[in-house]
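Shared between the two complexes below is subunit A, which pairs with subunit B and subunit C, respectively.
Moving on, here comes the complex of A and B:
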């Protein structure tokens, strides 16, 4: 009789207990797969928001601009550089930034004016698709602006309302003009939500008296799966006189939070599985104590301690494999459902953020090979660890006392 | 000088157990030899040490003092794996409570040790079927222990013990849990296996029926040999020492 058949029959011998143990393992695996997929969804959403809504994969600035975002700290050859980047397979868009005061009625707020490259920004970020109300900027509407949702609330403006911008132009003159709100963005992040006023680059240049150059070039890889560090190096080689940083360097806190989220998933998996391990330990100990005589006889007829360890492990692994299969299917089905439908948290709060990056209030799962494999792999590891004591207990039984055990 | 026909030899063997604060001497400086092909009964009252002697011969328990030899191999010189291999290859066990593996059929219980020995499946099958037929279980190969009577279960246990062609079968009270008809049938079987196949049997028993059929009866009391009698012919008894 093959040891696998013996292990399977032993599992089925007390099928109620085996079903409870396997069921608990399967349930925990399913929950952990769903949790991992939801965490991956959260991370993906956060990264997507950080990168695709704002930062891009990398940014080019004049040295010192990030520490002191001065209006005069320009990339003088920005248009040529952006064109060169595009010819090397990158997506690149110029950006201009200015600061000032926005006022509507009796309300006012300090704002960051953002000049948008209408021809290229859409290839770098997805802001144009992230409009909550109204429309994105239009090249033929120089007085139309798009603003962050919290700024709209602060200024108490809605679509079509007028906003006055007041600031200092590059020539020292007063920059002021009247604009009309043509769009309000969904939540992107604290900085954009509270202070961003998007305007076309030609309108920005007119207002701020900056006829050429740009403060920033946002760059996006054509292939999102290619190596970020390598892409940054390539961009840096094309712009050696400027400072090039990738999004992880620009938002190190967010990058670390995203990295730590993987660890958080593993910690959650381990904590949950420790509870499962106690169930496995208990069930296998009961199984061993019920069969002490049997193990004694097996050892008497020549079964080695290692054979006994192998048998106990095989019995546990048979149950774990069934649990992994059932839990995997259940977890995949649940994660798949929440990938399509998401968990709508919008009724709980108006906005959510993760590390300062706004996330969609409809929390969706995202199934990756990792979100399936990590919970399944840890289930096998925890089961293997939980059964060490029962296996050793059975293996080290003295046959003479086990045979006469009552 | 020991004759090579001694399959089992005990030299000044003692066994002491710790029972709470008391030390119990189960076997006391005992020496004996069992010959190849013997059909020998160790008998005596409870606590006389017969099961302990059987356990030490089977390598299930180690003596506190003295030496136990099986086929002139000193069991104390063997490690756990070597002892397990010795039990697997050279010793058959029959227990009072049958001690079959409940999830296995009669065939599988008998086959189990052969598979441990690494015998090819075809040869296992032939040997197991032949052995089950020999012990009178033809047609019951697929039954599990809970589908068989006590006598049938003990026959499976005997089949498991002899299927490997061991040097000696150690049987601990093999007739204690069966009715007298079944006990007689089991003894007939073991006697036949002894006489026809030359298998050495060593029993620990209280059962007069076993003693009546034994070629040699060793009476134990307080861990010592009280009397050792060899029966040359059925019904005739001769004191050996």
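Moving on, here comes the complex of A and C:
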């Protein structure tokens, strides 16, 4: 135990230097914790928008539908299949898609009509809570539609305005009807913002003369922390005749961007800590050279090289521990502040998107155990690596020449 | 030796002259040919369109997913104005399409609204058929947009025919890469039209049949279009009545009249 008090005393002997070293480490750790928390916030927001606003965890389609979204490419037994998925503990909602022209006044635009399963969509996605103006669809209002915000701008419509939809129904006849804008969505992603018209499934079936089936079933795990691949396998086993893809397969670019962002955090941490490491190296080297005679005496009275290595390491670790504690607290406090307050970027641009997925313009941090542990663990690792040379220098000293060192 | 060289030189000279002469002849022949081609093209275009027209026709559409028939009434004046109104089936009765200059308007009786089709909708199907909205708009004379040449003249499949190849003029805003027309040689009645896309792959085939006297002259009364990628599908237009050069005012082709039933 006296080696610990010796190390502490050594650290406090030149407390100015120790304070500067510890302060630098604490500051770097705090910044890195804040950075990691902000990155996690960005990732979580993107993933949440991709999955919870649109994709769901996995989707079921007829083979070939994704390449060619044809009105006739249906999951014929969609209602039964969705029911079966629900009985196996998944959330599942049918979706229908059609294309056509939406016109309001003299403006018109090509749109994607999206039939919404009013009973189940809310258990799969959070779209119903993502309304910018007005209300989400209601089962008792078949002529009320919800549209993307850029589409609303293109058509120059606001709540309550009427929109004519014209398209081709499945029997070749002209599908056309008059609808009223019931709600306008917040930004979800380029395709939804620009072209989506949400409508209840009964109204969709009536308009497009499509009495049964669906183009897509969106599936969500009931436990968000369970394994995505395993969940996809289970869904695929329940729908063997169809194509089942999880959201990472549906949006591989986004998935890869998210994976890379993880690595990016670690790269940033390492780069910053290399700078910190030189400070530690410098300080410890100075402290070793100051004490060469002292180490010579210690070795002369029988202290082993291992004991000296342990002493130097302990001195470093005492400082690192203090830095980790202070930096952790500071970083946590800062990250916590940005979790609640967020950085409002909305005055810089009206909408941000990341791989085609809209992100909330208020950038919030999100503290995960990882965003705290990664910077602190790396701080200890870097400190340990930086002190290898000073420790060996002190340990391998020859007592006689050390005592005569000037 | 010298003799032989001179002989060879003489042969080359003859060949060169022959080549030059034939090239000159071909050029002048093709100029005359092109003039005649354009003349004939004008006649074919005039077959369907007098100064104005009124027609009643039936359209049959067969696709992999549905078969349907519609009766419609159409009026036209010049190349810029066309109005088509659906007479049956009941569900779409009164649905009308107005082409005025380069705009297309659709009147939808179910909603009592008139919409203008955007350029994005031009390649979309017109009334569920194999015609695009663009087909309705592009009724300008083909000789304005294409360079025509006669690519075959003679007997084919027991008929004396003339085949034209139409290539778009460099600055013409047309969607086709090539059009090949075949007409009967003795009366210039069209037989087929083959449309090729920009990669010169066959996109669709028009076949004309049932030649009868209608609207004061002999003409095919049935036109069938088959898309090249779906040979089992077709759209067939059967002319029942046709009157050309009728008296019709410009304001007939107005948005107000579009709604009349």
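The criterion applied here is as follows: the second predicted complex is superposed on the first by the 403 of 406 C-alpha atoms of A that agree within 3 Å, B and C clash if a C-alpha of one lies under 4 Å from a C-alpha of the other, contacts with A are read in each partner's own complex, and residues count from 1 in each chain.
Definition applied: a residue touches a chain if its C-beta (ideal position, glycine included) is under 8 Å from a C-beta of that chain, and two chains touch if they have at least 3 such contacts.
These numbers were taken from a predicted model, which means no experiment stands behind them.
Asker: Specify the outcome, clash or fit, for subunit B and subunit C once both structures are aligned onto subunit A.
Answerer: fit
Asker: With the two complexes superposed on chain A, say which partner A:103 touches: subunit B (first), subunit C (second), both, or neither.
Answerer: After superposition on chain A, A:103 lies in contact with subunit C alone.
Asker: In the superposed arrangement, which partner chain does A:178 touch: subunit B (first), subunit C (second), both, or neither?
Answerer: In the superposed model, A:178 contacts subunit C only, not subunit B.
Asker: Classify the contacts of A:300 with the two partner chains as first (subunit B alone), second (subunit C alone), both, or neither.
Answerer: A:300: touches subunit B, not subunit C.
Asker: Quick one: angle from subunit B through subunit A to subunit C, Cα centres, nearest 10°?
Answerer: 140
Asker: Looking at the overlay, does A:72 come into contact with subunit B only (first), subunit C only (second), both, or neither?
Answerer: The second partner, subunit C, only.
Asker: Applying the touch criterion given at the start, work out whether A:168 contacts subunit B, subunit C, both or neither, answering first, second, both or neither.
Answerer: second
Asker: For the superposed arrangement, tell me the lowest C-alpha distance between subunit B and subunit C in Å.
Answerer: When the complexes share the chain A frame, the smallest subunit B-subunit C C-alpha distance is 84 Å.
Asker: For the complex, give me every residue of subunit C touching subunit A.
Answerer: So the residues of subunit C in touch with subunit A come to 61, 63-66, 68, 89, 91-92, 95, 106, 108, 110-111, 113, 115-118, 120-121, 124-125, 127-128.
Asker: Taking the complex as given, what residues does subunit A use to touch subunit C?
Answerer: For subunit A paired with subunit C, touching residues are 72, 101, 103, 106, 108-110, 164, 166, 168, 170-174, 176-178.
Asker: Which residues, counting only subunit B, touch subunit A once they are in their complex?
Answerer: 55, 58, 60-61, 80-81, 84-85, 87-89, 93, 95, 97, 99, 101-104, 108, 111-113, 115-117, 160
Asker: Which subunit A residues qualify as touching subunit B in the complex?
Answerer: Counting only subunit A, the residues touching subunit B are 1, 6, 9-10, 13, 293-294, 296-305, 307, 398-400, 403.
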